[in-house]
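Given below, in the form of structure tokens, are the structures.
Two complexes are shown next, each including chain A; its partner changes from chain B in the first to chain C in the second.
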Partner chain A sequence: MLRYLTIFGTFVRACLVRDLTFRANFILECLTSLGWMSMNLAFYLLVFTFTPEIGRDTGWTREPFFAFVATGMIINSIVQALFMPSAEELTELVRTGGLDAVLVKPLDAQFLLSMHRVDFSACANGLVGVCLLAWAVGRFETPPPAAAWAVYPLLLLCGVAILYALVIMLAAATIHLGRNQSLYDFWFYLTNFSRYPAEIYSGPWGSPLRALCTFVIPILLVVNVPARAITQPLTGAAWWAVGGTVCAAVAALVVSRVVFQRSLARYRSASS
Partner chain B sequence: MHNATGAVGDAEPVIRVTGLAKEYRVFDKPEGLLASVRALFRRRSRTVEAVRGVDLEVARGEFVALLGPNGAGKTTLLKMLSGIITPTRGTATVLGHVPWERADDFRRRFALVMGQRNQLWWDLPAAESFRLHQEIYRLDPARFARTRDELVDLLGVRKLILQPVRELSLGERMKLELVAALLHEPEVLFLDEPTIGLDVVAQHTIHAFLRHVQAERQMTVILTTHYMKDVAALCERLVVITGGEILYDGSLAEIVDRFTTHKIVTLDLDAEPDPARIARLGFPCEVRGPRVVLRIDRARIADALPELLRDSGVLDVSVEDVPLEEIVAGLFRSADRRSQPAEASR
Partner chain C sequence: MSGPSDTSAAASDPLAGLRIWWTMLVISIEERLVYRGDFALGTLMRFLPIVTQVFLWTAVFSATARGDIAGYSRNDIVAYYLLTMLSRAFSSMPGLATGIARSIRDGSIKKFLVQPVDYLSFLLASRVAHKLVYYAVAAAPFALVFFLCRSFFPPLPDATTVAAFLGALLLSFLLGFFLEAALGMLGFWFLEISSLVFGYMLVQYLLSGHMFPIDMLAGIPSGIPGTSLADVVSWLPFQFTAYFPAAVWLGKVRGAELVRLLVVEAVWVVVMAVACRLAWRRGTRRYSAFGG
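Up next, the complex of A and B:
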């Protein structure tokens, strides 16, 4: 474990050195990312000039909703910073045969392939998310209880784990397809569902979608459960949701591991 | 015999391959829009046999060249031996391990260098990649520093290790790739066209380096290449593979004896020879100005030479074997001719 941490530390250091080498590119990426996030926040502020709450009696008034958005920003920025660049590069490694060099290293290939690139510009969104969360929680009528603060980091980790599992399974599809340039697009469409409160998925179309995105592809648990834990009272049902999210995260990691290993066994390499 | 840790006794072959085969299913891409649309629903596929039942044994400390035309199956064989791909049939052990099980203990003991692929971090100095290797292979810091310094000095690249890899020439990059591959002191080294695209000086440096390191460490090396200079400079054993099958496995000297019947005799004459003089030589020849190149049967060479030298106009003479390129190209062509009727009848 310590060895893997040390190696990850080397990856982090190398990526930082590279980002500092191309400073202008790094700053531009940070600004692009922050600009996109600012536009989203402005849009939500605009929505709250028309309505005090999203849905009736859902509890998603302005500050809790911004705590929800902040939670999403933190989880997404972790995934974007730690896993997404490596997953995107995997498609290129498979196409060009660069994966060969990874498979001969005495190291877990999934670790090496999913964590060898770190995108520091994505951390900017995470920092904004933390500030937004602090601002929103500071304006709550009742501050979150200690239990909520205790489970919140755990649920953030579960959210990251579920998204990581999805990323790695999508990336593993590259090994079968040989080329998967739509990885990022598909990821964006899929995770788009997790960016909104689960309550909006109701009615004849919404309810089946909510069931699908909770029990089959558990992306609705990613932001909703941690955000609900910090913004609303931890009742019995909330604890069930916490337990369910932990189980879903473990199951997602196990399934993604199996899928990835099986994909690697079918790797054909590319012609030299 | 193999022990529990996968160690191999000195007498045991380091690499043992039996009936190894690899088949690929490839999809044909039809021409034209309509055919492409049709192919969306029904694709035509066929099976390609990249490697067909190869048997091979390599002893510790051997330097073996794997030769073959493009698409012969050399790199596929190398990829199976290094565990990158899984064979369709057959068995193989390298250092007592089944390669495609990808055991860490196995992967710590070999290295693979591919001339057409870059394994170093592109935007960073090679020193950063070396440091990563140290951590991946859990190398003792003092030993790592000693090995790294020794290798960079042997290749004369000490000044380059702090320069971003993307700024280096192809030859410089390949030297640093070799340093990275040898840092963990592998027992087996797979080299896939390591001198491709390099200039003569870089080729010579790499030959000298590989010879030195292989002899010093008693490393087992398998080299695939298209350059006969690599083979002549480095290898004693030659394995020729065509159409996924081994056509020849033996020493360099033996391939010359077995597949050639004549020697090349070059005469430098005092003047361009006239047809009558050429006819007097009595052997098939090629005239290049005052230089005449003769192909003389090996059995007749001892008798023929004094006769040729009796011609007072001979200024210089050299006797050589048929170039390796020519022998190997002849082998490739004969294998190709043999495979064509077989393919046509399929």
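Up next, the complex of A and C:
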């Protein structure tokens, strides 16, 4: 374990050096990332000029909703920084046969393929997310209880774990497809479902979708459960959701590990 | 190495140009079909964002007493998003700008300087091929989604509006192509344009009406006296790549205003095509390539 932490530390240092070597590009990446986030926030502000809350009697008025958005930003920035750059590279490694060089290294292939690149510019969104969270929580009528703050970091970690599992499984699909240039787009669109409160998915089409995105692909747990923990009272049902999210995170990690290993076993080199 | 490609062979025989174009189209279609799995996945995912938007706006309308927002009922908004998907199916050019910049950076663009093939024509043929394959793959899912959502749409517009809608879509394809190609040509000066492309995507997504109908910005001041943000957006070409065709179908733009905007869209296409051509000429003059 220590060996892997040391190697990960080396990856982090190398990526930091790389980012700081191309400082102008790094700053531009931070700015564009912040621009994307600002655009989304502007859209939500626009929506709240037309309505007092998202969904009737859901409790997602402006400040709780922005706490929800901030939670999503923090979780997504961690995933974008730590895992997405490596997963995106995998698609080309499979197509070109470059994966061979990774597989012969005396390290766990999943670790190497999913964590060797760190994108520091993605952290900018996470920092803004923390500030937005502080702003939104500061405007709550009732501040979140200590218990909520205690479980919040754990739930953030669970959210990251679920998204990591999803990234890994999408990356594994690359091995079957030969090429998966749409990985990033598919990831973006799939995680779109997690970017809004689960309550909006109601009615004859919404309820089955909500069930699918909660129990089969648990992306609705990623942001909803931690955001609800700090914006709504931690009652009995909320504790069940917390427990369910922890279990879902563990299950997602195990399943993604199995899927990735089986996909690697089917890999046929494309190089000569 | 400099100068545009020699197209004298094509000029001496009028059919030769067409044959070259046809060959480029066929090659591109074959290339697209090699990675069918990736292509099908890409097509499928384009339907996902609309689902969240439908539920979001349904939730917004359920919590407000308003019957419409900026002139759009809930049904109008759903129809609007579906129609912008159709617009984007024509105007979006994934990978075009980054592909051009990559060719400049890795030197592979130099083959177009010595072959009697015009680079922009090649790219256009390639994009037409991409779109033809895309429409072939996506026609059935599009038809299914539009059929399932037919209750959100107003009654079918008259033939003139349908013709204007189709014209707006075709022009949006050309505008989208030349906008992205011009962006890619900046690679002659900057080499790495990934951040610029991301910035462009961001602006494009916001100002094209892909994110929400531009009419919603009508009440928001721009900072210029007497001018709303919607007015500022209407001065830019981006609205033609998503908002305009959808607005035409929904009857938000009619009569003389419709004709005026179609002309403005055509003018933007010409302006961007000329900008691309100029960028290619100037770029190839300053371009240097090394190695075999």
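Simple rule for what comes next: the second predicted complex is superposed on the first by the 272 of 272 C-alpha atoms of A that agree within 3 Å, B and C clash if a C-alpha of one lies under 4 Å from a C-alpha of the other, contacts with A are read in each partner's own complex, and residues count from 1 in each chain.
What we mean here is this: a residue touches a chain if its C-beta (ideal position, glycine included) is under 8 Å from a C-beta of that chain, and two chains touch if they have at least 3 such contacts.
If you're wondering where the values come from, they're calculated on a predicted model, not measured in any experiment.
Asks: Clash or fit: how do chain B and chain C relate after the overlay on chain A?
Replies: By the criteria stated at the top, chain C and chain B fit after superposition, with no clash.
Asks: Could you tell me if A:R268 is touching chain B, chain C, both of them or neither one (first, second, both, neither)?
Replies: first
Asks: With both complexes overlaid on chain A, does A:V250 touch chain B (first), chain C (second), both or neither?
Replies: A:V250 contacts neither chain B nor chain C.
Asks: Under the stated touch criterion, which partner chain does A:L212 make contact with: chain B (first), chain C (second), both, or neither?
Replies: neither
Asks: So in the superposed three-chain picture, is A:T58 touching just chain B, just chain C, both, or none of them (first/second/both/neither)?
Replies: After superposing on A, A:T58 lies in contact with chain C but is clear of chain B.
Asks: Once the two structures are placed together by chain A, how many degrees is the angle at chain A between chain B and chain C, based on Cα centres and rounded to a multiple of 10?
Replies: Roughly 80 degrees separate the directions to chain B and chain C.
Asks: Count the residues of chain A touched by chain B and by chain C, then name the partner with the higher count.
Replies: C
Asks: According to the stated criteria, A:R3 is in contact with first (chain B), second (chain C), both, or neither; which is it?
Replies: The first partner, chain B, only.
Asks: Looking at the overlay, what does A:A14 touch: chain B (first), chain C (second), both, or neither?
Replies: After superposition on chain A, A:A14 lies in contact with chain B alone.
Asks: By the touch definition at the top of the document, which applies to A:W36: first (chain B), second (chain C), both, or neither?
Replies: A:W36: touches chain C, not chain B.
Asks: For the overlay built on chain A, what is the smallest gap between any CA atom of chain B and any CA atom of chain C, in Å?
Replies: After superposing on chain A, chain B and chain C come no closer than 7 Å at C-alpha.
Asks: Can you tell me which positions in chain A touch chain C when the two form their complex?
Replies: Per the touch definition, chain A meets chain C at residues 25, 28-29, 31-32, 35-36, 39, 42-43, 46-47, 50-56, 58, 173, 176-182, 185-186, 189-190, 192-193, 195-196, 199-203, 206, 209.
Asks: Flag every residue of chain C that touches chain A in the complex, lowest number first.
Replies: Within the complex, chain C touches chain A at residues 35, 37-38, 41-42, 45-46, 48-49, 51-52, 55-56, 58-64, 66, 69, 95, 192, 194-196, 198-199, 202, 205-206, 211-212, 216-217, 220.
Asks: Which residues of chain A touch chain B in the complex?
Replies: Checking each residue of chain A against chain B gives 3, 6-7, 10-11, 14, 17-18, 21-22, 96-98, 100-101, 103-107, 109, 265, 267-269, 271-272.
Asks: For a test of understanding, state which residues of chain B touch chain A in their complex under the given definition.
Replies: 24, 75, 79, 82-86, 102, 104-108, 110-112, 114, 116-117, 119, 121, 123-124, 128, 131-132, 135-138, 164, 192-193
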